[in-house]
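What follows is a short report on a single structure.
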Amino acid sequence: MVATSVIRRILIANRGEIALRVLRACRELDIVPIAVYSDADRAAPHVLEADEAYRLGPAPATESYLRGDVILEAARRARADAIHPGYGFLSENAEFAEACERAGVKFIGPPAAAMRMLGSKTRARQAADRAGMPRTPGSVQGLASLDEARSVAASIGYPVMLKAAAGGGGKGMRAVFSEEDLSSAFDSARSEAERAFGSGEVYLEKLIERPRHIEIQILADEHGHCISLGERECSVQRRHQKVIEESPSAVVDDDLRRRMGEAAVRLALAAGYTNAGTVEFLVDQNRNFYFLEVNTRLQVEHPVTELVTGLDLVHLQIRIAEGQPLPFAQSDVVLRGHAIECRVYAEDPDNGFMPSPGRITRLLQPGGPGIREDCGIYEGWVVPMDYDPMLSKLVAYAPTRDLAIARLRRALDEYVIGGIRSNLGFFRRILRDPDFCAARIDTGYLDRLLREALPPPSSNASDAAAAVAAAVFEATQSAAGTPAAQPVSAWKAAARREASGATPHP
Amino acid sequence: MVATSVIRRILIANRGEIALRVLRACRELDIVPIAVYSDADRAAPHVLEADEAYRLGPAPATESYLRGDVILEAARRARADAIHPGYGFLSENAEFAEACERAGVKFIGPPAAAMRMLGSKTRARQAADRAGMPRTPGSVQGLASLDEARSVAASIGYPVMLKAAAGGGGKGMRAVFSEEDLSSAFDSARSEAERAFGSGEVYLEKLIERPRHIEIQILADEHGHCISLGERECSVQRRHQKVIEESPSAVVDDDLRRRMGEAAVRLALAAGYTNAGTVEFLVDQNRNFYFLEVNTRLQVEHPVTELVTGLDLVHLQIRIAEGQPLPFAQSDVVLRGHAIECRVYAEDPDNGFMPSPGRITRLLQPGGPGIREDCGIYEGWVVPMDYDPMLSKLVAYAPTRDLAIARLRRALDEYVIGGIRSNLGFFRRILRDPDFCAARIDTGYLDRLLREALPPPSSNASDAAAAVAAAVFEATQSAAGTPAAQPVSAWKAAARREASGATPHP
Amino acid sequence: MKLQIEISGRSRQVQIDPGEIPGVWNVRVDGEPVEADARLLRPGVLSLLIDRRSHRVVLDGDSSDPALYLGRERIAYRMEDPRSLRSRRRPTGAEGPAVLKASMPGRVVRVLVEKGQQVAAHQGIVVIEAMKMQNELKSPREGRVADVRAVPGATVASGEILATIE
Amino acid sequence: MKLQIEISGRSRQVQIDPGEIPGVWNVRVDGEPVEADARLLRPGVLSLLIDRRSHRVVLDGDSSDPALYLGRERIAYRMEDPRSLRSRRRPTGAEGPAVLKASMPGRVVRVLVEKGQQVAAHQGIVVIEAMKMQNELKSPREGRVADVRAVPGATVASGEILATIE
């Protein structure tokens, strides 16, 4: 038996919306939430809302949120019982998980051994084979040479996909459609993987045409129970990065859901996995599914699963980490309704999706029925340039997919983020696209949409109303003695202050 | 058969959070939402978010939101197909419903005849008898004289309750514990009813001791189908006004829910009721239920039902008004999880719950998992003194009642409304009260709590932190040349502007 | 700068000066040094770290009645000008004329007395209404109505003087 | 007051004067009268009613690049000073020196050229990074590096000049 031990103080080793997400779960369970922050994040919302906050170091992640030793020192000073890593940063770092255990602090996630087995894509493919899971044809080990790549590709047939074993985010990935392209693709995939992950190990698999990316959420306690919580459809991607996620998937019926769920649970049990995790699959046009990889942590897109199952995954993560058994069985898990999530980023879709850090001068947030926002910003916050561009996750829940889309459109229309550019308008476009609305999506869907011509710009009537509005701003504000807009870009001013060694907030 | 006719434009004959609630439902169903406003509400959020907006008249409700003729004229000019009355104002006015039908505008609510039958409490008691529903012993008609009151009271036994037939909000209501008190109670109840409702008709019923107020939500289409959507527990009341509502109730099991639901449906069908409605009951300490009254409209507290059923009542109201049949059957209605709602008011619990209109100088709103806010305010909005003090409805949803309470506490702690006083702190107190947490509540619960001593004020450590914070505000703002707080109460300034004939917003 | 701040009935002396790092202040409360790192997020909203404890502070009230929210808790305070401590005005006692102030912002519905009229203690003087609630303001003592400022239909602010009884 | 506002490539003349009712303006757009009722809810946020159509307007951008959100739609505009119309600066053409501007706010990661160096068109000049995305800025044309202002590690604003090629 596993001993249970109550967790009273959790250090949250993350920032942004996920740090707030975990912080809220702590409050709800009467656990003291402890924040850590870099110099860029002193005024960040997760610091504002925490009970205690510890400085880690300068802005770059390598000097702050990736410094496991500094984080453990903060945990010691804060007398934290446990560390929640969120996603990204140290969340899939087996060495850090081990260091936590050595320091007597519970790491809220799977054991380091399970993380190692499933964290490498080639080792995970081997584990999938042992668990009798379908996977794409191809190698289950790193390719030693171009010759080996040639022979594997020839045996499974083109097109094939080269992938980095340590990969993520589409880095070190190349689609190869014929043998003559293999050599250069092999070299570039290897060097990109080497640069991005410190390991040039690549493997090769059959390319599934127009696949859907569908993943299964699992939860495993430390008593050998593991259950699956339905699927998430994550096919709407840009450059292999998820943009919109939903649950359930339009192509997954009860039978397929059961089979994918059972396969995921089998793999997790075989790997000695505990806590929350996600098994990702590709699903082809004939609804065959193929194992893709495992994410050994909470996912960005976990809210859609929470909305359709009615459960709270972070609560359950914490209870599992305390050694408690899962409080329900597989048969208790029922999906109801439909949930869709948008990842709201500080990026400019009209300018090649360039990052758009800077001060949020104005923020109007959506609300009302069926809207959940997991937000990491506030009006006045200067979004730092040092971390990923995620601002917020906007999620809609409704009885049906059509109504969830309608609700999300409504919420997006209420939402205004001023001062920086965001991808809100891009979501409005996707959510009005006939293919998306009919769930005719696969992992190439969004790139195809982006090649289409943009919808026409503003109408003449809008332009006239805008002219009147601009005139009113000018008239009221010149009367008040201040110019219509801030005299200098808030961002520029902030950047200058930072460049001169001062912090963005006086 | 009822002909269906698509609704494309809805005039929302209301203001505040409910106007926004209906407006959002319109957007989600691709219906054009049209707002109306009084002079006090030109800058109100429901005007800001609508597609079109029509002025009704001066601030007093009798000159604006209660002017059915002016509203119908606006509907005509706006080419509205339908009018949604929200709650309050004209929502239970049978003459207005009839005037709408005459004008060829669909009134989204029950037919005038059903409204009339169920709107009067005495007639509703007669209807309940015909439908074979349990009700409290007592009269089913207005009392003609004190003698009649004496004889009814004698036959059912003291204590008894005098109530106004046209009543609501606790007006014209008197508990009478012995015959000697009956005479003065009879006179004062009659005159209060006369003043409040223009009708002095009162009736008398057996007083149920420590009752719970539990109500059943029903939905009836125009094809003769009626279903019930579980119960709401509304026992937490101050002066007969609901303060907190939840679903499900801790004392209602499946059998009681089924029996109360069947009784409510029977009454609705007997009255020819259509659209959304609520049948209110008292439940005594032995879980016997007694018919109380019917609310022939959408209730303030409908969100808790939406959260546990996963349905959208306003969507369904509109579909029913279009003549569509209910899209599901009674057996499809399943309650999942627990929802609790707080009615956030502009009132000062530390000063006898005095109203607190004025400018909202600062607004920090809660969010994240399981939180729904139906809000009618924004930062900068001047809450007018002319209407009820409701600012927002904060609702938490979670798998269990305990977690819903914990979540609501968490959300209340995130919530700051600055510039005016609100009852947020009062909710924090209730949600930490052992009796509330154990669901030991009845309609007298809150008055008992209010007689208890207040919890101790701020600690020494808080005071020191507050002193530092005050000093920082002073130091930063005197440096910037502006005083720490606004030089004059924003409210006072607004009030002066208004007194001088100008509108609160320049 | 040196400030005298009254909180919960107790006066505290706060010495506050900007530190070397912007946002970090040198603070002494009643002579005791306090490590305070305070960032203004936007006007009236402060993130305050004191010895690693994090506080969200929101300014409330106005200069005549200042308060702040420290997390969820509302704390009223009074900034005392050390030079004018002695000249602080006392609240009007029973000896002088008694003033009747509006207990809430609202609209005057009825004025129940006239200037010069003799009134009893607790006699109704003015009825004001706000948010569907009527509130009858009663005379604090027996006396003569020296002045009635309330005018039916007029808007009044909370604390505004409606009548004087002498 | 009379304003010249450029929107969607078209210049409009707007005459705007306060009306009798506060918030109601007398407006003419290109000479045509428009019934406009505009209330400032807080700085930069406007409720605008034009002929009973309701618009939520939020000011965005800054004075060098003004824009507003009309509902969900972002509309850039330019306030033209009628007196300075003729003196408007033209964008730098191909004839003069070409400037290389930052395409996003970020940090300079690498500078790939030196002052005085000869470069080809599309040759990489500077790499900037923000939010985990690196962006290599390339020379707009063949020429000589006249000036390099970018310094590795420095923070740059969007549109800031990083180098000049002549």
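Letters A, B, C and D mark the chains as written, and numbering starts fresh at 1 in each.
By definition in this document, a contact is a pair of C-beta atoms (placed from the backbone, for glycine too) under 8 Å apart; a residue touches a chain by one contact, two chains touch by 3 or more.
Predicted model only: the values in this text are computed from it and were never measured.
Path length between chain B and chain C in the chain contact graph, taken as the least number of steps between touching chains: 1.
Taking the mean of C-alpha positions as each chain's centre, the chain lying farthest from the centre of chain B is D. Distance from the chain A centre to the chain C centre is 48 Å, each centre being the mean of its Cα atoms. Here the spacing of chain C and chain D, counted between their Cα centres, is 46 Å.
Averaged C-alpha coordinates put the centre of chain A at 39 Å from the centre of chain B. Contact with two or more other chains is made by residues 49, 364, 378, 413, 476, 506 of chain A.
For chain C, residues touching at least two other chains, in rising order: 40, 45, 53, 56. Per the touch definition, chain B reaches chain D in the complex via residues 35, 42-43, 47-54, 78, 378-381, 502-503, 505-506. The part of chain C that touches chain A in the complex is made up of residues 21-23, 37, 39-42, 45, 47, 49, 52-54, 56.
Looking at the complex, you find that chain D touches chain A at residues 1, 3, 5, 7-8, 10, 12, 14, 16, 18, 25, 27, 29, 34, 36, 38, 40, 44-46, 48, 50, 53, 55-66, 68-75, 77, 79, 103-107, 129-133, 135, 154-158, 160.
Within the complex formed with chain A, the chain B residues making contact are 20-21, 24-25, 27-30, 49, 303, 306, 310-312, 314-315, 334, 336-337, 364-365, 367-375, 378, 398-399, 403, 406-407, 409-410, 413-414, 476, 506.
Residues of chain B that touch chain C in their complex: 346-348, 351-352, 354-358, 361-362, 364, 385-389, 412-413, 416, 418-419, 424-425, 428, 457-458, 462-476, 478, 483-492, 495-496, 498-499.
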